[in-house]
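In the two assemblies presented below, chain A is common to both, partnered first by chain B and then by chain C.
Showing the complex of A and B:
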């Protein structure tokens, strides 16, 4: 009873399935091996843990030998605060740059675009020097500042693009209604760009959570390490505690997965439906 | 309630002039329609009155007060947009109440106003719906409701009916007319549809290329157009325009020659001289019947449109001029056949070479 399926569609699905396997593979590998004994990890890396090979020794190691809870809170704080600031400042800047015509408008927009093209890591030395001057080394603030700077250009670009698609009449209608510019932004623009905000959140969140570089050079000190940095202590020059590494990676995946699921609900929603014909 | 007056309003973007030297007085309670082809500046003029655009020159007064520098909210206006511009994430109720929330109106008062507007517009059952769950006509009514609750002195409509289907458009047109009678507020309405203009307006403003061509009551414009543009724009189907020449001028009448025939028209000749090129305008409905003073014009039929109560006969005269005749519904005519139009001696409009009516203001 099925309608005949075109070969093109099959090819597309095969490609998508292959890509999905490729994307999920490493994560699955981490998950299954985190619950296996060291011997089993090396002898049968692709096998599922069974009664003989199952162990939680890696997790025990992580919780007893390191301050995992602290690293976790550090990572979460840095990610959430950076994300909040990027979205708030990014949305406001995008609104100003698209809605108002003022002197220097194009220059600022271009300056932001350059931020997308030039990797912020090129400035690591100057950033470190600046943080030393500001007495911010070994603080989470340093990380937040760097990540906000890193995330803003893309956020402004994406949000600006979406704001431009909001019909002009909506803002004019609100102005006729006597709504202040701040109110228009907060009550009309923000709710209508939630899909874009979710997109920006997902795009910026993952690199921040996964970053090793800036935590390593700006906040390597005790008590300020993030999860990615904390995991490093199990990787030694001669011996690596794979159980612990895989266990802490498993724990590190969880929150990012939750946040992603949270935001992805909004990704596909078209909120402007019904606004104008 | 307020009157609106514009003195020398001009608007330009760089070197592009959108509006030039607009002078217009709109009395309290009037229903004024700006009409003109697209790009004539009518919407820009409306947005200027609303305060969404700034005039480059001139003075705008609402209720006697200069409002050039005021933001839209302080001008006591409410605008209904062509796209409705409903806030998509808010219910019908919130859409209407949103603007009031910031005007320091107390909650009970907001509720009373919204419910009254909903009742007037038959929206009471839909207050909890989101705009996307409404039909086009209902969205339009919500947009009007949002204007009503503000209790403005002046309503501004920017082509509010152009997104509706034909039947709904007629209905909503009647509702807007009724609303105007009930509220008695000043209303300014922009459209490119001359039928809407004729049916709604107490005063029509015909615009072209950023200028006002003529201002007047619907029938005044219909019977007494100032120039060729207004003559061609007002009336459907459009007025027939036939090229001619002045044969002789004598006192209160002018003899015109065209298509090999001659007729004498009682008009003040003004600056007309023998030999001048003129354009003669006749409404299609005046060309169907033969009478004592009519001149028969033979031609070939290009097309016939049958509307039931009337048939529009599109024909080409021997002179090459195309004319439309509004004939009786059951007239015997077919494309390719011959047909005779009748040019009356009365009801003729004569325009000089510059396109100005020589009768206007007589």
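Showing the complex of A and C:
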């Protein structure tokens, strides 16, 4: 502790603490009240659950009345498969666009960049039509395809910038030894881009997990709902059952919360990439 | 794809691969180009194409030129909703620009103070809401502001503002602003982080030089730091613009597709959804849906173009 604590600093901390309370207070309230009886939720919303007021009735309701476990597996499958494909396919394209000079390089790079600014959501009318024709409605495949298309442009940009920073010596040395371009990519470049995956993950994984639009349009039923859509449908149905509503929200928050607190350092670093060294 | 393989590598341009015929370039690019073209670019172009057609009862489509746009902008059954949604969307965006970016800038300034104790803890916690689903955030605030639960009223009373409380989400006059502020509350982490990163990138020498020259904290901010982070503010603005004019989830979660009360929270995203899928007795129309989507696309492209040619070019980028 530094002895010279200035009053200015105390004011700064007061401001930051107050805003932090505003930022996480509502989330904390939901988590706390999910474990309380209905009576306690209304009589003492700010209190922690104690022996008298503790209950998990809301969670029991969610698990008996909805397929929450299934939704969770759906979300996980879609997110992990999409992210894996985005990173692999995106790294291949980023590598091609940054490493090789060929005619059309700039045009292809610009073409890929369109997707950063133009939301794919606006093509939903045609996407749905296509998925109907391909017989992919109410499948997770439809979601994965759309999310990969949506995530690729930004991933290529981020991975491209990262690949540029990899020293040239490595690949040049490999080329002198006659190693094929495919092997250079697979055994030198891919292992080296692992740190960039955290950054790509921030920008692609979270929007995929949280998305409501495409699950609502492409896979709203047949047990293919994601957590976000499942919770939305569940709450729409049991809106007056406060225990169930709070429990379903808690179940939706918890996995993200745990992952975020575990990996926040990487996520924050990814966001402020280059600044915090 | 074929023109890449056919054109070959031009020796003068080639840096790393000299005399090799770049089949591997095509192989590396093919999967990304294929998926991206099929499921992103093609649907967008097809949507634009579809906006020039009308469908009849038998399901056949006829080319109709700009008739759909004419209907959207002038037919009383459509235009009222469209202009209303556009106006609400502009309000939604304005609230974000003013409140979200101001708070984000303020927090970033505080967080970038040298030797701030607990800085990373604050950053982590302040960014937390941004990570959660918009739908979840919508429901959380719906509960928080629910007069039945009364928790917002209770907290406001504790700080002496109890009389100020009202059913904000339910009133026509306040619902849109309330929803905008909920969205601001969630996404303030993004400008905060981006501006924070930009502030850290300013070399200390520059700030020291200004201080040595006799600049006070206000002048340092106004004349040194603010000009240097203007490009970041530009990026934040265009990201906000695109996200806002494409927003849907929050309003659908809180208010449903009808964006009540009396369409007072209807923005282009919810209007698009209703047009495409229909609601209550109204049957959805793919061609009118495509028309609304194309209108949104034009608005977003206009915003991006204004940013690229009007804003970004004027803002000098500083690299150190």
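One rule holds in what follows: the second predicted complex is superposed on the first by the 214 of 277 C-alpha atoms of A that agree within 3 Å, B and C clash if a C-alpha of one lies under 4 Å from a C-alpha of the other, contacts with A are read in each partner's own complex, and residues count from 1 in each chain.
By our rule, a contact is a pair of C-beta atoms (placed from the backbone, for glycine too) under 8 Å apart; a residue touches a chain by one contact, two chains touch by 3 or more.
The structure displayed is predicted, hence computed values, not measured ones.
When chain A is checked against chain B and against chain C, the one touching more of its residues turns out to be C. Once the two complexes are laid over each other on the shared chain, residue contacts for A:228 go to chain C alone; chain B is not touched.
By the touch criterion defined above, A:191 reaches chain B but does not reach chain C. Of the two partner chains placed around the shared chain by superposition, chain C is the only one that A:261 touches, whereas chain B remains out of contact. In the superposed model, A:183 makes contact with chain B only, not with chain C.
In the superposition on chain A, A:173 makes contact with chain B only, not with chain C. Residues 172, 175, 180, 271-276 of chain A lie in contact with chain B in one complex and with chain C in the other. On the side of chain C, the complex with chain A involves touching residues 3-4, 7-10, 13-17, 20, 22, 24-25, 27-29, 31-33, 35-36, 38-44, 46-47, 50, 103, 107, 110-111, 113, 116-118, 120, 122-129, 131-136, 139-141, 143-144, 149-151, 154, 185, 188, 193-194, 196-198, 200-201, 238, 242, 246, 248-249, 252-253, 269, 272, 276-277, 286, 289-290, 293-294, 296-297, 300-301, 304. Across the complex, chain B is touched by residues 167, 169-170, 172-180, 183, 187-188, 191-192, 271-277 of chain A. Only residues 47, 50-52, 71-74, 77-79, 81-89, 98-99, 102-103, 130-134, 136, 139, 146, 150, 163 of chain B touch chain A when the two sit together in their complex.
Contacts from chain A toward chain C in the complex involve residues 9, 12-13, 15-16, 19-20, 22-24, 26-27, 29-30, 41-42, 45-46, 89-90, 92-93, 95-97, 99-104, 108, 111-112, 114-115, 117-127, 129-130, 145-146, 148-150, 152-153, 156, 168, 171-172, 175, 180-182, 185, 206, 209-213, 216-217, 227-228, 231-232, 235, 242, 245-246, 249, 252-253, 256-257, 260-261, 264-265, 267-268, 271-276.
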